[in-house]
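These notes open a run of structures that come right after.
Look at the two complexes coming up: subunit A is in both, with subunit B in one and subunit C in the other.
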Partner chain A sequence: MREAGLAPFIVGLPLLGAVVLLVFGRRIGRASGLIASGAIGLAFVLGVITFARLLGLPAEEREATQRVFDFITVGDFSTGVSLLVDQLSVVMVLVVTGVGTLIHIYSISYMAGDPRYSRFFGYLNLFAAFMLLLVLGDNLLLLYVGWEGVGLCSYLLIGFWFERPIAATAAKKAFLVNRVGDFAFMIGIFVLFVSLGTLDLLAINANAAAMGAGLSTAAGLLLFLGATGKSAQIPLYVWLPDAMEGPTPVSALIHAATMVTAGVYMVARLSPVFEASGGAALTVVGYVGALTALWAALMASAEYDIKRVLAYSTISQLGYMFLALGVGAYSAAIFHLVTHAFFKALMFLGAGAIMHVLGGEVDMRRMSGLRRAMPIVAYTFAAGVLAISGIIPFAGFFSKDAILASAWIEGNFLLWGIGTVTALLTAFYMARLYIRVFEGRLETPEGTHAHDAPALMAAALIPLGVLSVIGGVINLPGLVTLEHFLEPALGESEVPTGVLTFLLPGLALVAGAAGLFIGRRLYMGEGAEARRARLVAAGGPLVEAARNKFYVDRIYAATIVAPGRALASFCADVLDGRGIEGVVNGTATFIGRSSQSLRHLQTGYVRTYGVTFLFGVVLVFGFLLTRVVLA
Partner chain B sequence: MTEVAPSYFLVLAALLFSIGVVGALTRRNAIVIFMFIELMLNAVNLVFVTFSRMWGNLDGQVLVFFVLVVAAAEAVVGLAIILLITRRRESANVDDAHLLRW
Partner chain C sequence: MNDLPWLDITIFIPLGGAILLGAVPKDRVGALRTGALIVAVAAFAASLGILAGFEVGEAGFQLGSSLSWISEWGIGYTTGVDGVSLWIIMLTTFLMPLAVLASWSVDKQLKPYFIFLLSLETGMLGVFSALDLFLFYVFWEAVLVPMYFLIGLWGYGRRVYAATKFFLYTLAGSLFLLLAILYLYFAAPGEPTFDYRSLLGTELAFGTQVLLFLGFFASFAVKIPLVPLHTWLPDAHTEAPTAGSVMLAAVLLKMGAYGLIRFGIPLFPDAAQALAPLIITLAVIGIVYGALIAIVQRDIKRLVAYSSVAHLGFVVLGLFVGTIQGMSGGILQMLNHGLSTGALFLLVGVLYDRRHTRLIADFGGLAKSMPVYAGVFLLVALSSLGLPGLNGFVGEFLVLLGTYETYAWWVIPATFGIVLAAIYLLWAYQRVFHGDITNEANRGLSDFNVREYAMILPVVALIVFIGVYPKPFLDRIEPSAQKLVSQLNDSSVLPEGSGVAEAP
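So, the complex of A and B:
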């Protein structure tokens, strides 16, 4: 096995940055942002070098692991901190470090003046280190360490402004909901270990078929439940919209581009386990993904908070990725993961720039016409909108088309249909967001003055905007494609042939264009208000439900949170308060009461004690005497 | 010279001890109580000496010396305490010092 070369440094650099910033951050002060950006930037350079080296090798040799040190050794079981560099992990490394570097640079400007400036960058670097460990780890244990680590950083960063109770609550919610998924993930790991005796990813994949359908279905479903937590799918997606309480760069990095894609990466990485179940697990993955995509798109269409629209959109796009995984199009899922990282991070950073100049305003009803005041933000954002809507030749067109085409080729027309409807909805809510915020007459909330993004923010927005436009080329048919590159790691994927080559992308394009057109009709020009009112009247209860997030939060509150609280207060008030404390306090009360009557024996007079003493002596002597006499 | 029977000494010691007990329990003056306690101690000493003679064993006599030394030491400490209590309360009445009670 070849050495993984630079991989330990790719993880190590951000980790070192995090340690330095978290320990000495206060003394470092303003330079923290530069240090953090430098650490992740250098990791990106190392990632590019690793990628170039892999390209220089023949396809079948593009896989290397390196044991950095032993982690746990018990009897004849041993697992190490070993890193796996192959086609899949190097793509993930490039996304994490590449997008991560841009977001770090953006944060230097966005977070300037925050009292916990260096701590923020320490957390960001720590997150990057854990995320890189997650994608580079060559065994499930290490993947799990990274998985929990990014969850921790997510918690710390959502609750970064913990003085605001709403942010602290959102952080707790994210952590707790993720725990549900993580627990299932952990049991899934146990199932795999018990049945295969190894945690090594490559060994698991090689032997997955030997598990039998039952066990691999169980393992697959448990792992997928873990993925629904981290990647915000039904039923565990509820934390992601609330997570928007964190600083916007965090939303862009963790809750759009990287951490939430960990579930997609994990399912793709362990695809043989899912396939060994004879389709059952994959079917669940596909349908949950498709349903989530549609469900979240509906909610995004009714939301007014810019960041929450983007959050629902992220959930929806992650649903697409799981849909792709479900139909066995692993490389299409990873392709969409990459392009989504570009355009979603871009749109979050754009939203952050708007909040930055409008004093934190996120309600799209209170702004309009910002294109005139902030052209850089507007045009890069437009590139993101077109990309996510799947308009040719923007990045999202190619990746979304690859997913829909795979569903069609698999013969799963229901998933294809849901995906296409969602594509239309996606384009619609994005058009709605863009038109409301950037078009029309310039309006900003009272007391704010709109101006374009500062230089450092633009420095992150422009590259991401360019990538959103041209990101599709990494998978253009006929070139050195991502799909072809990933093939040894993820298996071959089918591409449409004949008339479908043009028909399927054409249909996807029509859906996207139609969505944009509907959005334009409803939010721009003469009579838009009236048309909107008619739509709301026609939609009736559906619109109302979507505005209320389909009552899911309330249902969870009633069915899970409330019984949990009731059980907790029963334990606290009845079991502990009356039961355990009753025993303890009862003992004390009994002793106290008895003492009340006995205390009068203590008179304080010497003679009383003397008489008692004498009485005792006589008693003892009397007893001894009787014994002597009787003997 | 006729031997006095040991029982006389024992009876005398018992009498002395009983007087000591009754006195110590009935009197209120700390000095007086102290004297009665000394009386009880010396009654015991007498018993020791008597038995020592009866059995021709010197251990009892040796023990008496110890008792005397300890009694002397005890008298020093006891009198010092009584002196201090008297100074504080301007009375040597033990019933006045009854704070340690319910």
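So, the complex of A and C:
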């Protein structure tokens, strides 16, 4: 029990910060940023202490729950606000609070001067609280509460600059697309409860096998459809690119490092349910993940908005994580989740630093040679690029390699192939981004003056840069590894042996290096432009389609939004307006006409009836009163 | 203290207060307002006595009294409260002071206005407390009159049309109710009586049960309202003054759902069980249909009105799926809908006082001029669309869970209702609050004043409290709900071939 004793405070500190800032924010003013950073920083410290306490225990005892109070309890349905500390949740806590703290500190500088400064930090703290609830909740209902809570904060923060209609629309889109996923998630919860009689995560996992293949497949697919919303996978990823309208620290924290990984966490957490389906659910997870990885990487390669490139990249990397889950490599998925949190947050914050000095510019075609003006941003960003491209010894190399190797070992060469091609594409679009923005002659949009990141921003960039370089050590073969730590919670994972030990990482490395090389050929030096033109000509319709986001938004608008709106109008105007109302008013008219002859008795004024009626009621009451008094 | 008949005291404080207000000169605006407020607060304070005296874990009726009234006809003044009615009674007394506070902008004939408003409260409290069918019917009809005048005299726009429609619709339903009550009265063996508890367990042929159930149902379905009997609601809601809309949505609509489970199920369990699939179908249609229509509304009040059709669909769905989660969730959802929708109407009223329009298109960018108002509105909207952590989720979740247990496939369209709710609320929210201020009239709007804070903060506090810690509420509902579920499921003479739908 003692091991989980701090958990309520880990959730409670940012929650308290949020309440204080949202209620008294305007009076607190400038100190809001410090209060919010302090709250999440302290939560991080408590997370580290909890982690240390867990390490002090034998591996199989690293699991404790702390019940705070009862939540919804009716009949045989019983859930509590109860927090579970184990290997998986503590890793998530460290990521959320660790990366979260750095992004809070960065925001103090980034958001300085915004008229709604303290509200921003209130929302940020609120987000952290819900995210921590999501990863610490010991039952599926509480996980769902956190799940919806982070969705709300995402809505609030995407639409933070609500004066801009485009931001408000993006916020609404994010919420609604996620609601579609939540609809499935909720039904998945019902299936699990009715089949197993509990929503306790550990109990679900312990009994999942008893559900039978049919129900567990249904439950797994419903939950996964929920995950495709929150974690932006096919078919529900369309909200994430638009979500870039939010302030950039939000993109870093919510739409790269933490919230969007909630689906990965959920599937990993409930992996026995997915396994109980006899492979069907996991296969879907794996293929959807792989296809999303490739699909989004293609769009990233054709995009000019720096934040949207990073957004597509996030969708793609999340796809990798689902690919890993699909082949049963749960700890590899979590490993990639952790390293991705480092390098993707880093790159978003770098992009933010650029936008900060370029007056909000996001079009990469108007940026060039920024390395000369902003070396800290450039070099930390480069660390991120190398990490995501899977170049040894940067963090992404180890985690991406673990995923690809698992696919191979599972014998799923198709998934391995898609993953490897995507690795090449990833390195390519990242090289494209980096070279466009940082290399070449220094150019900035008119009226702006590029300078390096201010101290507080650098204070976030540098640690994340370092983690992107050395983050792989948490899972270095032969050392105390993340995989071993997670094993009791997620099960054992296979590692390559023999010649594969070197061959698989070698191939992944070659793919990444090739991508970078192609990027360099196409965007740097003599003749790059000509080569690019030839490629575009050769790619033809594919390039055109990728530039138009494969028309998916338009297809959804035509096949779902427009018919839905037409149906709503039909119900309102025709069914209700002319149909039911027509009958009602027609009846009234008919009665009105046919009672012409009785008009002397009946005045036709309802208020006359009303008064008569009231009179009657008063009489009855008077009678009542006398009876009671006399009795 | 606890020996006092708090329930009866609570019922009659508003009526007594209304009579006292009659003595205040009609031009003493301040005295009338303060007086009405004091009466409403006094009734709320008295109702806390009910809450304090209510024994948790008890399924039967408590805290009531039983007086003989017209003994030769078997009519008595019999009252009582159980887990079904407790929270609706508390909701009524809780909202009335807020409704009075929302009436500050009423500028004509203040005296009759408050008299009607307060007598309305006694009527509603009586409906939820009466355990004598005759008494129930008296209160039921007594509610109609003040509401008719509140809409017809103090309403907006097409108020006379709306009030007439409301009156005739409800009256038509009530006739069937009266006939059914009288039939039951004469059909029951032994000493003729209107006493609810004596009539329970009256053996009736299945066909008779169905007819009588439908008689009650006709009246209640109009009130709830179930599609297609709902078209009085958007007009009445929209044209009523703020306090009228609040009480109409929060409390009056609950009279229908309440009647179904107080009388429909216990008096005619076999009929209720046999007709449950039909009622569930209507409820689910209401959820989807109401929400779809809400999406394309241009008037905020009409939008909220149609959202009520959808929300009441959830309530009725929960009540008839025959599971404890559904029943408890449905009963809790009556309270939740009262709070969320009541709050939405209060908020729309605040806006109407400032801008004298309710058209969504007339607004835009209000989050900038009224930031606190915008924040509170969002919170209430989120509660209405069932965001976890707020009250609406608890009820809807339980209803849907309960539905899945017995009518698994129905859960798909019903759950889709929560997607639609997000669409109509957030889209409207965006058009009213987001974007730049395009209409100059919206620029200088003032945020809440002290009176408005006092009006809205108590509701917001409850919305959050129930969402985070629903246990005290559910604990008091559950025993009575359990009893109803057994009545619905263990009916005695279910004829062959009319079985309940099996879960697929």
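Observations, loosely collected:
Simple rule for what comes next: the second predicted complex is superposed on the first by the 568 of 631 C-alpha atoms of A that agree within 3 Å, B and C clash if a C-alpha of one lies under 4 Å from a C-alpha of the other, contacts with A are read in each partner's own complex, and residues count from 1 in each chain.
Note that a residue touches a chain if its C-beta (ideal position, glycine included) is under 8 Å from a C-beta of that chain, and two chains touch if they have at least 3 such contacts.
Everything numeric here is computed off the predicted structure, so don't read it as measured data.
For subunit A, the partner touching the most residues, choosing from subunit B and subunit C, is C.
In the superposition on chain A, A:Lys172 makes contact with subunit C only, while subunit B stays out of contact range.
By the document's definition of touching, of the two partners only subunit C reaches A:Thr73; subunit B does not. Look at A:Arg27: by the touch rule set out above, it reaches neither subunit B nor subunit C.
The interface of subunit A with subunit B overlaps its interface with subunit C at residues 606-607, 610, 614.
For subunit C in complex with subunit A, the touching residues are 67-70, 77, 138, 141-142, 144-145, 148-149, 152, 163-165, 167-168, 228, 230-231, 289, 292-293, 295-297, 323-325, 328-329, 365, 367-368, 375, 382, 387-389, 393-394, 397-398, 400-401, 404-405, 411-412, 415-416, 418-419, 422-423, 426-427, 430, 433-436, 469-471, 474, 478, 482.
Residue ranges on subunit A touching subunit B, taken from their complex, read 599-607, 610-611, 614. Those residues of subunit B whose C-beta lies close enough to touch subunit A in the complex are 21, 24-26, 33, 94-95, 97-102. Subunit A contributes residues 22, 69-75, 77, 141, 144-145, 148-149, 152, 155, 159, 162-165, 168-169, 172, 175-176, 179-180, 182-183, 186-187, 189-191, 193-194, 565, 567-569, 571-572, 575-576, 580-581, 584, 588, 606-607, 609-610, 613-614, 617, 620-621, 623-624, 627-628, 631 to its touches with subunit C in the complex.
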